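One chain, chain A, links the two complexes that follow: it is found with chain B in the first and with chain C in the second.
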Partner chain A sequence: MANKSVWSDNRFWARSAAWISGFASVLLIWLTFDTSVQISMGTDSDLKNGVTKRVPAPTVINYKITYEMSAKRGHEVPIIGGNDGKGMSLFQEKEKFFGKDDWSEKEAAEMLHLGKLASQTKNCMNCHTLLGNGAYYAPDLTKAWLDPAWSSTGALQPMTGKTTKEEAMAEFLQHPSKYPTHARMMPNLGITEKEARGLVAFLKHMSSIDTNGFPRNFGKMQGAVNGK
Partner chain B sequence: MIEPLTDVVPSFFAILNQGPLTLTIFLHTIIVLPMIWVYKQEKARLDSEA
Partner chain C sequence: MASKLLDNPFTGVGSESRQLATWYFTFAAILFGAQLLFGLVIAIQYVSPGFLFEIIDFSVARMLHINALVVWMVFAMFGSVYWLLPDETGIETVGIKIGKLLYWVFVVAIVIVVLVYLFIQVGPADEMSIWFIHEGREYIEAPRWADLGIVVVALGFVANLFMTGIKGKQTGIITVLMANMIAFAGLYLAGMFFTDNISVDQYWWWWVIHLWVEATWEVFVGALAAYGLIQMIGASRKVVEMWLWIEVAMLFGSGILGLGHHYFWIGTPEYWWEIGALFSALEPLPLVAMFIHVMYDWGKQQGKKSLDGTGESVVNNQPAFLWFWMNAFGNFLGAGVWGFFHTLPQVNLYTHGTQFTSAHGHLSFFGAYATILIGMMYLAIQGKNKIKVMKNTKSSLWALGLTVGGVVGMTIALTISGYVQVLVSRAQMGATWSGYFDGQASVWFAQGMDWRLIMGVVTFAGFIFLIKDFLTTGQNPVHQK
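This part shows the complex of A and B:
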């Protein structure tokens, strides 16, 4: 057999395929463990000791959360309890959430769990996206807690007649069809007061998750029309 | 090319992922280099069998 090409040789392709499949398998297993470290939830002592985690503990609802530009990372990051001036959280400044800023680990976890279950039973993702997952009918809720429209000077909070952001959001969630927000109005889903509080806690916690700057330039769009 | 890590949780992939193509180029290099070695081995085998 003279001058047989390597390209038409079965063994070359079999060995290459074995190498690529083996390498890809190892890489995917490695990435799985790498991701689980990235997304594992922090603890209350992390917050108290100033340890930045990608997903903070449920007690993050006791802190003031803002979304600020980090020059180092080149995008906005959630800042918990004040900015140290270098784009890192200080974990000091507290903020009252439904009247108190000392929700215990157990209380906060229970509230968040109820909110998560409510978000699933009411199927928020049927219209909204959470962390980018879901439907594109209604606005993304990843940073909904930080939406300037819900601040005291925004359009949505005064509409509900409430004086705090969490109460305004909870009131809206219980009677969404009462308030004209958008051409695509949210229907009344029969959300109870307790569920609404849980959902607001769920949203506040979600806004504290470091999503590498997603959604980009959130809250900076001026003169938005119909949520665009 | 390699800049200080800016990610929240330190990770090998965060170090590699410095720009849009760094991770892709690295992984393709790792995959293709051994294939060149396999190619040479198989060529030598075919030549010896000829």
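This part shows the complex of A and C:
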């Protein structure tokens, strides 16, 4: 078999397949360790000490959140507690959430936990997208908290008769078919007041996640980028 | 070639493994029908939102649409393995009694899950709902009790495959399947936990979804194509298995790190832009290779056969071969081309989470998986009815024409709607609530949705022909027995 080429040898290709798959898997696992550290949830002291995390602590709900252009990164980034002028978070400016000033670490975590559970049990993802993933029957929720429609001058907040964004969102979630805006309506999912508050906390928290500029130009038509 | 099929003592009802395969195929076909029916419900809701509002809402019907899709394919994949095991290993499947028991466990579990989806739909925000209603995570919504059941069934299936592969003849195809199916079953575990951190949640969720459909399922298809070419056109095992190993290298080489294209915008670091773009851009290459491989082997075998001057076709199962051929092309077009369209982060920033994704989803799941699994069902019908040369029938051709035409039509309609959504909602309006509805209200978007519904009906008509053919073709005198 002097003329047998390695290129037509099944054992050569079987070994190549094993090595390539193994190498790709090892690389993926290695990257997973790095990514897992980077996307682990921050702590309240991170926020207090001005440490920027890709996924901030649940107590981020105590802060003002905006979505602004970062000249350094070339896309919008979440700004927590005010802008330092260079497109970085100051972690200073706070705001009331459901009429309360500072939700404790435990309270905020409990609210987020309930909200995340509700987001799954109410099946949000099979109409909406979260971080762009899900179904396309209803608006993306990634930065819904920052949507100009929920501001005091937007279309949705006055409709609910509430005076704050969070209360308007919670009211809508509990009685969606009371506030029809389009022929395509959100159905009543039996969301309780407590669950609705949890969901709003979940949405506010999600809006603070650094999504590398997704969605692009969020709210630019209504000028939502530079303010609540 | 066909005689080899008949000489095999395990062919037809003589083999319990093959009998079990036909059970799996039957339930798969039923779920395929359910998938299409619930797809029609949500297609109607896009056009007429009041349809079944607060009875079977979009979220419920859509969950059933995509879950039926995943589960019918898993059933047909298990069926395919039970079908080919006796051929490949030369022995009856080891532990087949347990395999049959697990089949019924699986079927009962699926029926309960579907009934709960339909009649309970949503629960309060607590762990009980996650355990007993659904987990609310796209594609793997099954409640946790069913997750555990699926793990048990999958482990039983993998055990059957391993014990048979080790005891019998271990061909290249069997070796690939053994390695692949253990990864397939193991990956499911990555989708079984709850976390408050949505970025971590989606990170692992993609391990299941992506590493299934863009890695292990693709390798599975490669193994089926290899088996099918040996069975249907008498391709040389050595050549086919060499191709298979090359495909495994290319599919896993690109697909495993191609996972990165889901990590552009979910909170994960920027380096996934480069990794995801590079490796997912390579993902179409093995799909091109698979297409060339099928065409090449067909041409080679037919050329050899033509030397005898009879002008006969080398193909011993026309409908199955047509579906396998559709798979080779549809995989390349749906998964490869339509996937590549929006896989670069520069494009995906705007297309992520639009009907563009849905267009790709429809053509790729159909092109890459539905086609070849339907082809496997035809191989099973041939074997079960001891048909030497199986011919196309009117129904088989109508089934193929209508389903392929319908799915391609839906894909084009969704692509156009997706373009409108990308430009209006995303680029122009910046993805807000009002931007979203401006896009949805566009006449071109709405026309796309109308055409999607029409093409969905066409697809369903094709399915009716397919079922009719499945039920009648075995006794059709047109085939050579």
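The rule is simple: the second predicted complex is superposed on the first by the 198 of 228 C-alpha atoms of A that agree within 3 Å, B and C clash if a C-alpha of one lies under 4 Å from a C-alpha of the other, contacts with A are read in each partner's own complex, and residues count from 1 in each chain.
In this section, a contact is a pair of C-beta atoms (placed from the backbone, for glycine too) under 8 Å apart; a residue touches a chain by one contact, two chains touch by 3 or more.
Everything numeric in this text was worked out from a predicted model, so none of it was measured.
K.L.:
Could you look at A:Ile20 and tell me whether it touches chain B, chain C, both or neither (first, second, both, neither)?
P.N.:
Both chain B and chain C are touched by A:Ile20.
K.L.:
May I ask you to decide whether A:Asn123 touches chain B, chain C, both, or neither, giving the answer as first, second, both or neither?
P.N.:
The second partner, chain C, only.
K.L.:
Using the superposition on chain A described above, determine whether A:Gln38 touches chain B (first), chain C (second), both, or neither.
P.N.:
both
K.L.:
Could you look at A:Leu90 and tell me whether it touches chain B, chain C, both or neither (first, second, both, neither)?
P.N.:
A:Leu90: touches no partner chain.
K.L.:
Looking at A:Val6 after the superposition, I want to know if it touches chain B, chain C, both of them or none. Which is it: first, second, both, neither?
P.N.:
first
K.L.:
Is chain A touched at more residues by chain B or by chain C?
P.N.:
For chain A, the partner with the higher number of touched residues is C.
K.L.:
Contacts for A:Thr52 in the overlay, against chain B (first) and chain C (second): which applies, first, second, both or neither?
P.N.:
Touch status of A:Thr52: first partner only.
K.L.:
Should A:Lys72 be classified as contacting the first partner (chain B), the second (chain C), both, or neither?
P.N.:
first
K.L.:
Let me test your reading of the model: by the given contact rule, A:Asp210 touches which partner, first (chain B), second (chain C), both or neither?
P.N.:
After superposition on chain A, A:Asp210 lies in contact with both partners, chain B and chain C.
K.L.:
Touching A:Asp140 in the superposition: chain B (first), chain C (second), both, neither?
P.N.:
So A:Asp140 only meets chain C here.
K.L.:
Overlap of the chain B and chain C footprints on chain A, residue-wise?
P.N.:
Looking at chain A, the two contact sets intersect at 9, 16, 20, 27, 31, 34, 38, 54, 210.
K.L.:
Quick one: which bits of chain C touch chain A in the complex? Just the residue numbers, please.
P.N.:
For this pair, the touching residues of chain C are 42, 45-46, 49-50, 53-54, 57-60, 62-63, 121-127, 129-130, 133-138, 141, 172, 175, 194-203, 238, 241-242, 245-246, 248-249, 252-253, 256-257, 259, 262-273, 275, 349-350, 352-355, 357-358, 421, 426-437, 440.
K.L.:
Show which residues of chain B lie in contact with chain A when the two form their complex.
P.N.:
Chain B residues touching chain A: 6, 8-9, 11-13, 27, 30-31, 34-35, 38-39, 42-43, 45-46, 49-50.
K.L.:
State the interface residues of chain A toward chain C in the complex, per the touch definition above.
P.N.:
8-10, 13-14, 16-17, 20-21, 24-25, 27-28, 31-32, 34-36, 38-41, 54-55, 58, 109, 112-127, 129-140, 142-144, 147-150, 155-156, 177, 181-185, 187-190, 192, 195, 198, 202, 206, 209-222, 224
K.L.:
Taking the complex as given, what residues does chain A use to touch chain B?
P.N.:
Interface residues on the chain A side: 1-4, 6, 9, 11-12, 15-16, 19-20, 23, 27, 31, 34, 37-38, 52-54, 72-74, 210.
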